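Can you keep this structure in mind? I'll have questions shortly.
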Amino acid sequence: MDAILLQILNGLDKGSAYALIALGLTLIFGTLGVVNFAHGALFMIGAFCAVTVQRLLSLSYELVDETQKDFLGNPLKVKTPYVESWFGPEMGGAIIDWAVPIAILFAIPIMIGVGYVMERGLIKHFYKRPHADQILVTFGLAIVLQEVIKYFYGANPIQTPSPQALSGVANVGALFGMDIVYPVWRIVYFFFSVVIIGGIFSFLQFTTFGMVVRAGMADRETVGLLGINIDRRFTIMFGIAAAVAGLAGVMYTPINSPNYHMGMDFLVLSFVVVVVGGMGSLPGAVLAGFLLGILESFASMNEIKSILPGIDQIIIYVVAIIILLTRPRGLMGRKGVMEE
Amino acid sequence: MFGLDNKDTRMLLVVAVLTLCAPFILNPFPTDSAMAQFNAGYPDLMQRFVIFGIFAVGFNILFGLTGYLSFGHAAFLGVGSYSAVWMFKLLSMNVVPAILLSVVISGLFALVIGFVSLRRSGIYFSILTLAFAQMSFNLAYSVLTPITNGETGLQLTLDDPRILGVSATADGSIPVTSLFGLEMRSTFEMVVGPWAFQFNAGYYLCALILLAAFYLSIRIFRSPFGMMLRAVKSNQQRMNYTGLNTKPYTLAAFVISGMYAGLAGGLMASMDPLAGAERMQWTASGEVVLMTILGGAGTLIGPVLGAGFIKYFENIFSKINDNVLHSWFSFMPDGIEDFVVFIIHPFIGKGWHLTLGILFMLVVVFLPGGLVEGGQRIAKWAKKRKGKDSATPGKTTPAE
Amino acid sequence: MGILEVKNVGKRFGGLQALGDVNLSVKENTVHAIIGPNGAGKSTLLNCLVGKLIPDTGSVMFDGQSVLGRKPYEINQMGISRVFQTPEIFGDLSVLENMMIPCFAKRDGAFALNAIPAVLGQKDVLEKAEQMLEEMNMADKRHMNAASMSRGDKRRLEIGMCLSQEPRLLLLDEPTAGMARADTNNTIDLLKEIKEQRDITIAIIEHDMHVVFSLADRITVLAQGTPLVEDDPQNIRGNPKVREAYLGESA
Amino acid sequence: MSKSDLSRRGVLKSGALAGTGLALPTIFTASSAAAFTNEPTGSSVTLGFNVPQTGPYADEGADELRAYQLAVEHLNGGGDGGMMNTFSSKALQGNGILGKEVKFVTGDTQTKSDAARASAKSMIEKDGAVMITGGSSSGVAIAVQGLCQEAGVIFMAGLTHSNDTTGKDKKANGFRHFFNGYMSGAALAPVLKNLYGTDRNAYHLTADYTWGWTQEESIAAATEALGWNTVNKVRTPLAATDFSSYIAPVLNSGADVLVLNHYGGNMVNSLTNAVQFGLREKVVNGKDFEIVVPLYSRLMAKGAGANVKGIHGSTNWHWSLQDEGSAAFVRSFGTKYGFPPSQAAHTVYCQTLLYADAVSRAGSFNPCAVAEALEGFEFDGLGNGKTLYRAEDHQCFKDVLVVRGKENPTSEFDLLEVVEVTPAAQVTYPADHPMFAGGALGSCNSGA
């Protein structure tokens, strides 16, 4: 029982990353009708925003310590971060410790900017082009972005820890008299994603801007005829989608050390999530994200693997095939989307 | 000629000349010159050009004609390779049964996957094919290791129970693949002054098969069947209300292109008897999509150009390193030389992905019809210029 | 006994009874128009005839055979061709190719793996398609891309494509919807010509009374999913029920 | 520059073919005079460095390339000579190999068997490489080793840890300097016994492919021999990025040791996840829970950051070793590049030197002569103490390091500390050990 609860928890936590990425992907698809293969790269760029903030905060000056030697036998250069010298070791250390949450503040404008440039500079010209062209150009962009990151940050994963205060484990089962310990940061990630998802939904639901965008998603032409500049709003939505992916990336860094190809690792999966949820359906993307996360977690249980060896390798795809064959438009998709 | 109209015949002949003379065409630079780095006329790469050409030509029959974008075609290539290597292990080192088996098995595999996946269209179809291919890859890499030898790839060993043939040669090595005794790896080298040209038996087998495959694809494009496939892409509704059942058409196209992929896989294994699981990964499927679109989807020769383009970058650009750069620019003053090398450095060697990514984007942005469109534009421009220079009409471009 | 016999057909979509209890008989070699106000169930009825929808109740017989449960392409092969409200043609193909496809469908059936011979070598089909283009007065456009033609020409091509299959029943779904007056008149003339020159039954769904009264031999008026009246044009014109339900809805 | 074919036999055959089929003017066939594949006839010799330049192991590949360049520099008499000065064999003169200047070509394995073979083939067919070396995974090493055997060139394996490389997939033309899964187990076992006792319950998480399996088998056998109980062996997909759903069941499994048979990104993530789940603070059966990472790599350990602290594993070599050879290598590498070399760099540097030395001692580039010179070769001064290249399976036997993640690193390179240097004798196994059974070296192929 504990084991099952733990896996459900785990699935929700995995699913929150899937849902966040799929949400952005669906927003872009639903509003702009563009199949964005560079969306994984946006997630990756978000993660590297965190890495960059961490590096900036740890920028150090060097002092030569004659008592210690470096690997060549020369006197060791001891590095002290500037923030520690400015704010004192304690305060400075705390600032560096909180690099990832701090990075959120930086990531939002950066990601919106990246999204804006991407949309205005490239994607805009591809609205009327076939999906195949969109795939090719965004795929090319994804490669370029990840190679640029690789050029500056290398290919190895870079550790980006969570703040000390949030890095332990919590006994989430204690309330129910059970012993279920779970990493605090993963719980934070889950709630963070719930907040973001809730935020996006209420933004679309309760603001005029959101209403226009939703109307535009349903019928772009008509909204255009009303004299509303829907393109402009869509550009902003692209920026928001990029920010969602970026924030998902920022917060993900303590869970797994980011590397330059993490976007590609998530790309196929996030497309499966979007399609299982139903192209163009935001609730579908979220639902499918959590669903696939939970199923993936269950499939990795020993009890299940011993009956179906290798099931954890293919579960996502098995689910995708079953859903697409039984519910042709995904869980919550509309008819006629992307079927041409 | 060959039941083709003039234009198609001309194109076939151009392809034939290009492939048969590839050892010359791809080795334009003297062996000792600095530019020799750009020579691509060695057996392995030439084989890859034509094999991926076959793969892309087959993919184009599905994607170019029907518009169904399969993201799992590499699975058929992989299955073809595995079949061929098993044939080498169990039956004989002759490539003919291996290639035949790989075509048949991948055809059957395509039939099953196509039957299921073609129940959906659009991106749903793409995801279904992707899912099947990724399942094949993941399983081949792990639990199916007894059949596929997982990570390492299926290889020949010294104790293969080969029914028609020996497990090991007299001198204790693994026998090599051959076509009725003609070893696939045997190479004839011709040295002309500073140039060296390599003529490899395996390459010529691949080239001839490419020509056959290309010819067949022209016939399919020009046949009523091909027309029906284009009609499927254009308007399925009208097809249905014109008394045509689209499903067998698309399924036939899917199976044919799957067999092309299997043929490519079988040839790959025949040239180099190893079948790696990575051949089935989604990135490999993505590669053939890129080749086709980059070259020009729906055009006859586009996929072959696209395949050559990508493989050239992969194999030539990845091998350029800083040393090579320095040797090219050594004529410059030191400071400038270093600067030039510094500027180019990110784009070569380990940066070949970056270069390829940029080129994808440039091609898609500026040449929506792929490289073929680029060729046509150049031809048009040349025609115009020529028209200015003289009254004689310019030669028509072969790059349709 | 008509060539098309619709008996007690009903169709429900959730809470909406789209078709109540439709009975309809289309006589061979006549033009039968089905009219009715918006939402009367005209399109639903048509979709039941061609296999796009399967009615909940009742039967549809074509030439003594049931069409229910058959796929659209099977029904087409039985001899029913359909013209759509917006012309459905193969936009990426040339006009000649558009015309050849139904000819192939007629000759080779629903599927033929005819992958090796060249299209241009299929003289019988080629001739038939060329001849059909001549008849449609479109021979000069044979190498044009079909998508680039005017709407009227697309309509003409679509009708030609249907005719080249030599169907026994031609279904037209508002063939002049959205057309300019001149195009509409052209289409009417074309259909008249077809009616006169061929042994063909035509069922037409139409909004435009001008078209209906210029063509129809028999008219069925549909209202709220059930046939109100079925009669000759002159009687329909004077029928007060029809006026009330349809023509006079604004009066 | 002379070029030749995969095989001279092939050339002869095609020569015959040329007479009948290819009616081309045979002006002069260069390579029919060659005695073996790519015999260097000019004033230089070309080596092929085939390393991952793209993909997840690109940084490791880049470090290998640095070491190769350094080795070439030293062979050609440049730099400070590095380990050439400490190497027990003095056949190398600093004038290239056999007086021929050493040149090299590089390629990208992409960590894929197919791509690696394509790249190696291009070096052999196009660039005339007489030796291929490099790589960062066992799958690639085995695939390229097979190719080199067929082509008749020497293969020096680079980074490959699977038992199979010199076990069931061993080849006469291939040599491995790196240690293997069995040796990791044999080296770790006594240390683990001292640290954690003999009454332990181990839980294995294993990357689901051949390398993972052989390591899991090796470690389980070694620890079971100590009296440990293996609770469970769970296979994880290669593509997995989040290992939480595999780590979570460990919590209540009753295990008190977690063995992570992962490498590269898998290792970084599984270790990070295990630490996240509080395994290190956990007490099971009255004992502190422990994590073991049998194959450590400093480059990768960096990605796991502070999570490696106090975690034990084995490694082939580490820059903090104080012997003469290691010190010389670290000095020349560090001076040139500004940071210490990785074990991958060390391995490939040694292999380049060893190859060159074998050629010099054999007096020929002929792969069969070189192989003979390497077989049973004993030497010292390359950083791991007295070392033997065993003739029976071409595996290298040398001391193995047991390392631990350092608690208080003084720099970003100072992540591991050597706990114990397990002597070669303790990790040596008979050539017919069942874990290595199944293959045969075959006979050396010179392509002639």
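Per-chain numbering from 1; labels A, B, C and D assigned in written order.
One rule holds for everything that comes next: a contact is a pair of C-beta atoms (placed from the backbone, for glycine too) under 8 Å apart; a residue touches a chain by one contact, two chains touch by 3 or more.
What you see is a predicted model; the values in this text were computed from it and never measured.
Relative to the centroid of every protein C-alpha atom shown, the closest chain centre, again from C-alpha atoms, is found for B. Farthest from chain D in terms of Cα centroid separation is C. In terms of their C-alpha centroids, the spacing between chain A and chain D amounts to 35 Å. In whole angstrom, the spacing between the mean C-alpha positions of chain A and chain C is 52. With centres defined as mean CA coordinates, chain C is found 47 Å away from chain B.
Chain contacts: chain A has residues 310, 313 touching two or more partner chains. Listed for chain D are residues 58, 62, 208, 235, 237, 239, each touching two or more other chains.
For chain C, the set of residues that touch two or more other chains is empty. All chain pairs that count as touching, in label order, are A-B, A-D, B-C, B-D. Across the interface of their complex, chain A is touched by residues 63, 69, 116, 119-124, 127-128, 130-132, 134-135, 138-139, 142-143, 282, 286, 289-290, 293-294, 297, 346, 351, 353-354, 356-361, 364-365, 368 of chain B.
Residues 35, 122, 125, 129, 131-133, 135-137, 139-144, 147-148, 151, 268, 271-272, 275, 279, 309-310, 313-314, 316-318, 320-321, 324-325, 328-330, 338-340 of chain A are the ones touching chain B in the complex. Taken in their complex, chain D has these residues touching chain B: 1, 3-7, 9-11, 13-15, 17-18, 22, 24-31, 53-54, 58, 61-62, 65, 104-108, 112-115, 117-119, 121-123, 125-126, 137-139, 142-143, 146-147, 149-150, 164, 169, 172, 208-211, 235, 237-239, 439-440, 442-443, 445. Against chain C, in their complex, chain B makes its touches with residues 3-5, 219-220, 222-228, 230-231, 233-235, 237-246, 248-249, 252, 256. Residue ranges of chain B in contact with chain D, taken from their complex: 31-32, 39, 42-45, 48, 138, 141-143, 145, 149-153, 155-159, 168, 171-174, 176, 182-183, 185-192, 196, 198-199, 201, 272, 274, 276, 278-279, 314-315, 318-319, 321, 323, 349-350, 352-353.
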